[in-house]
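Each of the two complexes below includes chain A, the first together with chain B, the second together with chain C.
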Partner chain A sequence: MTAAEILASLKAIPDGEWDQLEALAQRIVADARAGPSVLTRIVGSNQPDLQAKASLVLGQLEELSVLPWVDASQHLRGEARMLALARASSAYSSMAERSIAKLKKSLDKREVLPPPRLSGEVEERPPRVRECDAAYLVLRRWMYPGESSLKYEQNRSLYLQLEDEERDQDIIEYDKTGQWEDFR
Partner chain B sequence: MNDAEIFTRLMQLSASDTAGASQLAGAIAADARTGGEVVVGEWVNAAGGHAPNLAFVAADLHETSMDAMLRHADGVSPALRARFFDLLADAGAQLLRSLLAELRPLLDDSLRLPKSQVLPSPARDWRTCDEAYVLMRRIVPAHHRQDPPLPAESDFTRMAASDRDSAIRALKGAKAATPRE
Partner chain C sequence: MAPKKPKKRPMPGKVARSTFGDPKFNTIVLYEHRHTVMALGIQFSDEPLLKWIKKLVPDMTISGDSAEYISHDQHVRYTIQIVRTKQEFKNALETPGIHVVYSGHARYGRGPCFGLNPANGDNWEMGTDDPGFINTGIFRMGFPLIGIPISADIKHHGYHFLPALSSVELNDDNCHPEIPLGRSAKRGGVRTVSIPEKLKEKVLDQGQPVLDGESYWGFGSRDMNLLLVADWNKSISTPMDLGATNIQCKCSTFLGCSTLKHWQPIVRGRKGFKQSDAEGFAYFVDRVSDSTVDPIWMANWFKFPDRNDFESWEPSLEFSRTRCNKTLTAVGAGFLIKKDL
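Take a look at the complex of A and B:
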């Protein structure tokens, strides 16, 4: 899809038509992955000359190359398989570093974020979240992928019950050590 | 670019033409990122009305919108930036899950590797499981205090095979290296 076609589709879909929006997203993703997946097929093929060139190109696609390298690794063995996984890991790490660097810039920002829009009556007001709190919580997700969604939500909720000074202390501690514990 | 165009340009590329490879990579990446750029760009400029639609589509674009969100992050409101960060973490987690799904089983593979893809001069008895350990430690750098100590890459690569086996066992049990569902 071209940019103009995507824009036209976005404008044509009425608000809240989630099925149509999901279908559009799927189409955009399928189109976006088509080019890199051509390279994946060649990397996993038996054409040594083309394989080397496809690897060279794929290696420059950054975050777009992670899944293609993982796919390619499934068709390779031994050193070639490890090379594909090493390239996937490296592309993932670059993207993680870019994202974490942005997040860390937000750890100093104390502006309070607007509360989520809620429809109808609510029994409990949502907690006050500052930009640094949101960044800290997302940073945990990047750095600690082993935390289950349920545990993350529990920790998030406990963290947001803390006073600002306590939250700040957690952020400073995390920034210093790169480690954290579950909140109690 | 369609499949045939990519294939043709690859055929025309000489093996040593790194500039040509970069150009082709740039063209493929630009195509792949078009959707993310359009949706995220519209979301940044949306004055309320269509924002929920755009947020919904952006959330489903996975890795294809990461670059656009990172490039726009500095110029948007704190609330939108926080939303971008959440979506970036979601997309990152999906990539990590795929990667760890391939790497974790290799921690059980003791096949000797004559050459490492990640180290210039590995131990003589370097194995697939050792290589998988190094890669996993690189992509999951931090750890939880409840996890057992995991040797850093520089220590791991100097260890005897039996000590490396212990480190690999520790990594297999580490919460940090098990992607969340």
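Take a look at the complex of A and C:
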């Protein structure tokens, strides 16, 4: 779909029409995956002259190659299968590393973020969150998978109870040691 | 992850209604009936929740505090009943086979709170229908001790309260997880505090100091919190607490601020309300929330597109949760509905 087609479709869909929004998403996904899926079929085929070239192009697709590599692995065996999965994993890690690097750059940004968009009566006041706090918390969720969702939410609340200077100290400590504090 | 598509199965039954000899033939297909009790908490009791759902599901019919929607795709007849008291909420939790939704304040984790009159006063804590307090105030289902902001809640609502005396030993078991037990007093950790003079007259008799030098527990820096006795079992409001409730409903959904942190450990862990293949579903909210999600939660459940009568409710509930969360993320609401952990 072209940018103009996507824009026109979005404008035409009334608010709350989930079925239509999902259908639009499916069309965009189908378009985006058409090329990579041709490549994965070639990688999984018996055309040695094309396999290497298709594999090279898939590698250039970076994050767009993650699912195509996983799909391609289903048609391969042994070493070729492992190679496809390793490349999926590598493309995924490379994408994650880039996001993590961006998040780490935000650890020294003190700008206060707008509060969540809530309406009506809210009993518990949402905590004040700065860009560095948000980055610290996203990094924590991502890089500390051993912490359960519930424990994460508890630690998030305890962290956000702290004064700015104390939060800053915790961020510096994490940046230095890579360790996550239990705030209880 | 998309919910699993339920397996199709033969029609559970058909009932012939033709009279003998009538050349016409008609049948009634037996649809599954799914009943939801929606308990509206204090300050939400007069919200037109059914009308909000109808905006999203125009085919739903409303009659007073009840509503009905028939999903021919699902072969399910949905009904809703609105209730507004503690006793009705407790009765709903004890009713087998139904869905109970609480829509209201979590009272910082103390429990669902009821009252038709939202004016400041005891409807925000113990209740006002003395003796018994069976209709108004908090249905207790929280940790034994919970930190409550003095200015934003205790002073603001002006209710009578039961603070934790400093003779009570604090530990991981009796304290809400957001009470910073390991933090030094200098950093806003737990310490003994005195109650502001103006609030002393609001302390319940059980909370009056009896020992020399006895005071109360509190924490915080700029916003001071006082530890109140809350509890879910054998509480000061028993039998209006979770401990005295035999949960039989098929699904419970707690739509209030941070109910994941406040009530999931109690409902699942301490009370032991377990999920099996087709029973014991429970949904919570992870952070500070508003009530805009309440009608969306029900509407999306009704809109599940596949036939699933007399099957597990899980695929349709998960369909609703997934759609709600996509909407909440898209509008930047800052909270999500969580199934369980």
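The criterion applied here is as follows: the second predicted complex is superposed on the first by the 169 of 184 C-alpha atoms of A that agree within 3 Å, B and C clash if a C-alpha of one lies under 4 Å from a C-alpha of the other, contacts with A are read in each partner's own complex, and residues count from 1 in each chain.
The rule we apply is simple: contacts are C-beta pairs under 8 Å (C-beta built on N, C-alpha and C of every residue); 3 or more make two chains touch, one makes a residue touch a chain.
Keep in mind that this is a model prediction, so the values were computed, not measured.
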Item to complete: Please work out whether A:172 is in contact with chain B alone, chain C alone, both, or neither, and reply first, second, both or neither.
Response: neither
Worksheet item: When the two structures are laid over each other on chain A, which of chain B and chain C touches more residues of chain A?
Response: B
Worksheet entry | First, second, both or neither for A:149, with chain B first and chain C second | both
Item to complete: Classify the contacts of A:8 with the two partner chains as first (chain B alone), second (chain C alone), both, or neither.
Response: neither
Discussion item. In the overlaid three-chain picture, which partner chain does A:92 touch, first (chain B) or second (chain C), both, or neither?
Written reply: first
Worksheet item: Given the touch rule stated above, what does A:162 touch, chain B (first), chain C (second), both, or neither?
Response: second
Item to complete: Could you say whether A:126 touches chain B, chain C, both of them, or neither, answering first, second, both or neither?
Response: second
Worksheet item: Between chain B (first) and chain C (second), which does A:67 come into contact with in this model arrangement: first, second, both, or neither?
Response: first
Item to complete: Once the two structures are superposed, pull the chain A residues common to the chain B and chain C interfaces.
Response: 16, 18, 148-149, 182
Discussion item. Per the contact definition, I'd like the list of chain B residues that touch chain A in the complex.
Written reply: 1-3, 6-7, 10-11, 13, 15, 18, 21-22, 24-26, 28-29, 31-39, 42, 49-50, 52-54, 56-57, 59-64, 66-67, 70, 73-74, 78-79, 81-82, 85-86, 88-89, 92-93, 95-100, 102-103, 106, 111, 113-118, 128, 131-132, 135, 138-146, 174-181
Discussion item. If we count contacts the way the header does, which residues on chain A are in touch with chain B in the complex?
Written reply: 1-3, 6-7, 10, 13, 15-16, 18, 21-22, 24-26, 28-29, 31-36, 38-39, 42, 49-50, 52-54, 56-64, 66-67, 70, 73-74, 78-79, 82-83, 85-86, 88-89, 92-93, 95-96, 98-99, 102-103, 106, 109, 111, 113-114, 129, 131, 134-135, 138, 141-149, 151-152, 178-182
Worksheet, complete the sentence: Seen from chain A, its contact residues with chain C in the complex are 16, 18, 115-126, 148-150, 153-154, 157-158, 161-163, 166, 182-184
Discussion item. Give the list of chain C residues in touch with chain A in this complex.
Written reply: 43-44, 56, 105-108, 152-153, 172, 177-178, 180-183, 187-188, 220-222, 256-258, 260-261, 264-265, 286-292, 300, 303, 323, 331-335, 338, 341
